[in-house]
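In what follows, a structure is listed as structure tokens, so that the remarks can point back to it.
Chain nomenclature is as follows: A, B and C, assigned in order of appearance, with residue numbering initiated at 1 for each chain independently.
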Amino acid sequence: MSHAAPAAPPSVPAAAPRTVALLAEFDSPGALLTAAELVRDAGFRRWDTHTPFPVHGIDQAMGIRRTRLPWIVFAAGLFGCTAGLVLQWFTNATSAADAPGLWTIFQGYNYVISEKPALSLPAFVPVIFELTILCAALAAVIGMLAMNDLPRHPHPLLALPRFRRVTSDRFYLVVDADDPQFDPVRTRAFLRQLPHAVAVEDVPEDRSSAALPRGLVIAITILVALALLPPLLVARARLSKTTEPRIHLIQDMDNQERFKTQQAGPFADRRASRPPIPGTIARGDLAGDAHLLTGRLGNDWAATFPASLAIDLPFVQRGRERYGVFCAPCHGYGGAGDGIVSQRALRLNTEGWVQPTSLLDQTVRDRPVGHIFNTITNGIRSMPPYGDQIPPADRWAIVAYIRALQRSQNARLEDIPPHVQADLR
Amino acid sequence: MAAHPVEIDNTWERPGERAPLVTGGHTFASLTDTVCAVWEAPRPPRAWYIAFTISVALLAVFGAMIGYLIINGVGVWGLNNPTGWGFDITNFVFWVGIGHAGTLISAILFLFRQKWRTSINRFAEAMTIFAVMCAGVFPAIHVGRVWLVYWLAPYPNQMAMWPQFKSPLLWDVFAVSTYATVSLLFWYVGMIPDLATFRDRARTRLKRIIYGLLALGWTGSSRHWHRFERAYLILAALATPLVLSVHSVVSFDFAVSQLPGWHATIFPPYFVAGAIFGGFAMVVTLAVPARALFGLRDLITLRHLENMCKIILLTGLIVGYAYAMEFFIAWYSGNPFESFIFRSRALGPYAWAYWTMIACNVLAPQLFWFKRIRTSQLAMFLVVMAINVGMWFERFVIIVTSLSQDFLPSSWDYYRPTAVELLTLAGSFGLFFTLFLLFCRYLPMVAMAEVKTVMPHADPHAHPHAHVPATRRFDYNPDEFDQEPPA
Amino acid sequence: MARTAQYASERRRFERGPDRLAAAAAGLGLAGLAAGLALGPRVGWDVFFRSYLLNYCFVLSLALGALFFVMLQHLTRAGWSVALRRIAEFVVAALPWLAVLFLPLLIPVFQGRAGVYKWSSPEVVAGDPLLQAKAAWLNPAFFTVRCLVYLAVWSLLAVVLVRDSVRQDATGDVAHTHRLERWSAPGMLLYGLTVTFFAFDVLMSLNPHWYSTIFGVYFFSGCVVGFFALLALLVLSVQRAGGLTASVTVEHYHDLGKLMFGFVVFWAYIAFSQYMLQWYANLPEETALYFARQNEPWWRGVSLLLLVGHFVAPFLALISRFPKRRPGLLLPAAVWLLAMHWLDLYYLVMPRPHGTAYKPAAYLHWTDLALLVGLVGPFVAAVVRPMARHALLPERDPRLTEALAFENI
């Protein structure tokens, strides 16, 4: 209604284009359906109708069979589902150890997250679901376009001015010249006689060039060339060798304004590093009371407590308190090696766990106090050293308490003070 | 048919007779003319230019803020410990939620055979695409080292490192990208017949070529329509669980944690309902001016607007239900942390945000119980603007209150957005509206082919030339047609 | 033409058949109840009441699904479903009867049976600070009041919806349609709240330390799945008995199949949300529920059967058009879904919480079967009885012509 007829094409050479189809135009969907049934029943095979919208009932009127597209989509969905499961199982539930020969870039990485099992189906469901939908949707679109043979070279119909109204308000029935029943005269007459046909026209073959206009081709070529540029530059950078430092665009805190050791600095002595302050002692060089600090007397373990410490009740109570802080978790409050850490490790069957020594054993009772002091300071076997956490005096207090614990499990009635003995009877 | 100033009210309906969905006595041709007029006009209306200028300015602000962020780092935002997520994730969830209405209109209303969706589904789907684009920007820029964001994808690498698939943040990557892809496909595939309309009406060679390429050579063949309809139905059936899953996965970001106020099993359907609620509010926000500006009053009728208001009311009630459930269970659970967070939301430092949310999301939509409000464009526009604001605040309240006041009081801190964050939010609207305005001008705004199917003329059993199914097979004898009949 | 003739000749009323069937069902139900009562002392009254609860919730959920369906069709002014709506209304009409059948469940509550509702037992509550914190909500008196309110609301809605629809058969007055629409909107609101809180009170409080904000929606999704399966079954039975042979077409079955499929997926979505979120956060007060349902071979089997039978199998079976358009194939699917819905409720109700005084000797009891018959019997009687008095479809509904003519995509 509102578009003008295009200008006539430039005059073509002498031979007239051959007719590839015959077209009948209708102005209502009802008329088209009636006509389609007639053409269907007449036995034509290579024919089609063209409408601005899908007409209800045209499938039956034309005898169009149901498409196989849903099955393709279902298969793609199954593929997506499987792909999602395999992807997540492989990347998150396997590790290099499971596939030792595999190229590193394809080996899995087994995350340990909150003790969730590596193959956690509840956690894998969302991605599986999304991939299913994605694959199914892609199959639906690509399948539909492929089965419709789209995109395609412009159909000869599109060159026909009358056909322009197919996307507006007119309905067309087109019989191909390839149809076995096609006859230029008879078929045209037949179409003319279809009820309510507005017009019947020849569809000439489209001799116009199918090539894209020059400008567009040049533009696309330039764009493609520009798009190839970044990957080529990257490839060149990866493959080339150079003595120049690489271009470091994102600094990422890599090059910081700070002084490193041995560099020249702003201080008077022109060093960046500062000498240690007077009175600094290197580790292990502290000269003091060896008995107090190491538990040794000469080359032997000290069998007595250092003279500078008063072994009285507050001292032993301090030792008890410190023992409770540092030692009881593994060795237990009673010293029997049944601390809660040990209990839990045993319950969890932790690999390599050895139960802590019972401090009440004869071996430990027979050890000199200096040996025990050294064990606290430096550790022994799988016990870590506590020398950095506990000052020397407190370590001796712990040793005193350990002796008290040992005594408590190996005492005789006579060792107990008389006034307490009376309570026990 | 020229646009007429009088509003035709097709919201009343006698049971048994369906009200017309296209008013104004259109024919197929006049409908095509009306929709194509937006594109064929030599110049868009002046209001379009004004809106476009503002949008592009906001878009420039968006680009500037993102550039500033990437160069200087996430410190330009107001995020702190413990509030590691603030405006960034609020905006992300807000925009993803808006996108959901488009898919609901396209896919879910299609499955429910709601014919009125045909006038609005095209621009609603476009709204979805653009909203998802806006949404996708935020997770990308909030990671800190944006240039490494490709690490989220599972690709083989020399470190033998893969993403952590048990994390909802990674499920988000898959969900949102699938949603973007499928929405784009759905939108584009649905547009092919209308792009063909543009191709057939194009007056310049360049337009004919561009729209011809986009239309992929569509000829309206019924054999093609058959597969097209099937694919459209399948896409609708796929998009429906997809849209439910996407916002559910977004809700999993919060609900899988142990934070009070975040860990609630109702989050997935609650978020989906909230997304549809906010999304429809945005659709109405766009539809009310667009129908007046572009002369589409006969296609996007009062009935369409009223139906959208009803859906907004329904989803608003579902959101209110979810608020009530969270609140009740917070008490019922006997968990002091849970009940604290709900008291704190209403009475604590973010009470201003909470009560804004309640007023906008629970109270404002109740106005839609009244038909006067549902059919008044000004009233509904005001209500949906309130809902847009309210839905943004809902995400803000959920994210920020639970983070800023978690289990350990000594960790609590108040989160304040910086100017950069505020401008980034404003700028995201620039991206959205720029793309939307371009869409209105250069692409078919209404799904012409679909609207034609719901017009009475599309019924083959209607006049003129009503089709009567053949009772017996036609006997074709070619010899009867030996001669050309008189012209 | 031919179609009109078919409508004219189809049967739209059953005369005495339903009454006989109702009597038989009621009789069977009574026998089941009696058998259950006889077995009560043998299995223990705790088990008896749990079986009663399980089967009661089963039949109630079907009626609640019907209530939702009917109100939804009114709200959306649907045309396609009008031919089926009366049959759904018959199921809704069972609600007042089901209200009466609820009353025996108050017995264990007032007896303080810890084996049924832990919170009803004062001794258990005295030793449990969490139950003391909830005692304002979970106590026998308030529980009773709330349940009576739910039942009253449902009965009221049932009476209004069925009465107006039936009255329209005589006059065809459009005012009935408008009234039904007007009742459906607030009705839906009340429905959402009452069904949710019913689920919280009667089902969720079986495990009073556990909680889930989505539980109401979960119960609702089961109601709807069960109802659509029941509707398919009922419509098929009516057609086999000779009624509505022309009004209900393959297009209606297609839609019923689509709805069954859609709500199976919806149920799976809700069930998965609930499960996965609680699995992921791994909080002991939440995972205790699933732990009890996964740490024994029997319950692990039930969980797997639920996953495969309630979701995977129906999904694959109903995804294609093919079975949806063949009523003969839809029938076994419907029966299977009803069984799976029962299994879902069994999974919720039957595992005994830790720390109660008894441990079951078996996982399935004869009371489960006896009371299934005992409750389904009266339910069927209540559904079938109105069929003798009213037409099988809303004969003068203004939208009936749409229902008769629609075709699927």
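Keep in mind that, in the parts below, a residue touches a chain if its C-beta (ideal position, glycine included) is under 8 Å from a C-beta of that chain, and two chains touch if they have at least 3 such contacts.
Not measured: the values here are computed from a predicted model.
The innermost chain, defined by the distance from its C-alpha mean to the mean of all protein C-alpha atoms, is B.
In terms of C-beta pairs in contact, A-B outnumbers the other of A-B and B-C. The mean-CA centres of chain A and chain C are about 42 angstrom from one another, to the nearest whole unit.
Centroids of chain A and chain B (each the mean of its C-alpha atoms) stand 28 Å apart.
The distance from the centre of chain B to the centre of chain C, with each centre set as the mean of the Cα atoms, comes to 35 Å.
Counting partner chains per residue, chain C shows two or more touched chains at residues 276, 280. Residue positions 70, 116, 123 of chain A each touch two or more of the other chains. Residue numbers of chain B whose C-beta contacts span two or more other chains: 229, 241, 252.
The touching residues of chain B, counted against chain A in their complex, run 27-30, 32-33, 40, 145, 147, 154, 156-158, 160-168, 170-171, 174-175, 178, 181-182, 185-186, 189, 193-194, 196-197, 199-201, 203, 205, 209, 212-213, 216-231, 234-235, 238-239, 241-242, 245, 249, 252, 448-450, 452-453, 457-470, 473-476, 478-479, 481-485. Across the interface of their complex, chain B is touched by residues 1-4, 26-34, 37-38, 41-43, 48-59, 62, 64, 67, 69-70, 73, 87-88, 91-92, 96, 104-109, 111, 113, 116, 120, 123-124, 126-127, 129-131, 133-134, 136-138, 140-141, 143-145, 147-148, 150-155, 157-158, 164-169, 172, 181, 183, 185-190, 192-193, 195-196, 212-213, 216, 250, 252 of chain A. Residues 77, 80, 130, 133-134, 137, 174, 177-178, 185, 189, 192-193, 196, 200, 211-217, 258, 265, 269-270, 273-274, 276-278, 280-281, 283, 285, 398-399, 401-402, 409 of chain C are the ones that touch chain B when the two sit in their complex.
Within the complex formed with chain C, the residues of chain B that make contact are 13-16, 111, 113, 229, 233, 241, 244, 248, 252, 255-258, 263-269, 317, 321-322, 325-326, 329, 332-335, 369. Of all residues in chain A, only 70, 74, 114, 116, 122-123, 125 touch chain C in the complex they form.
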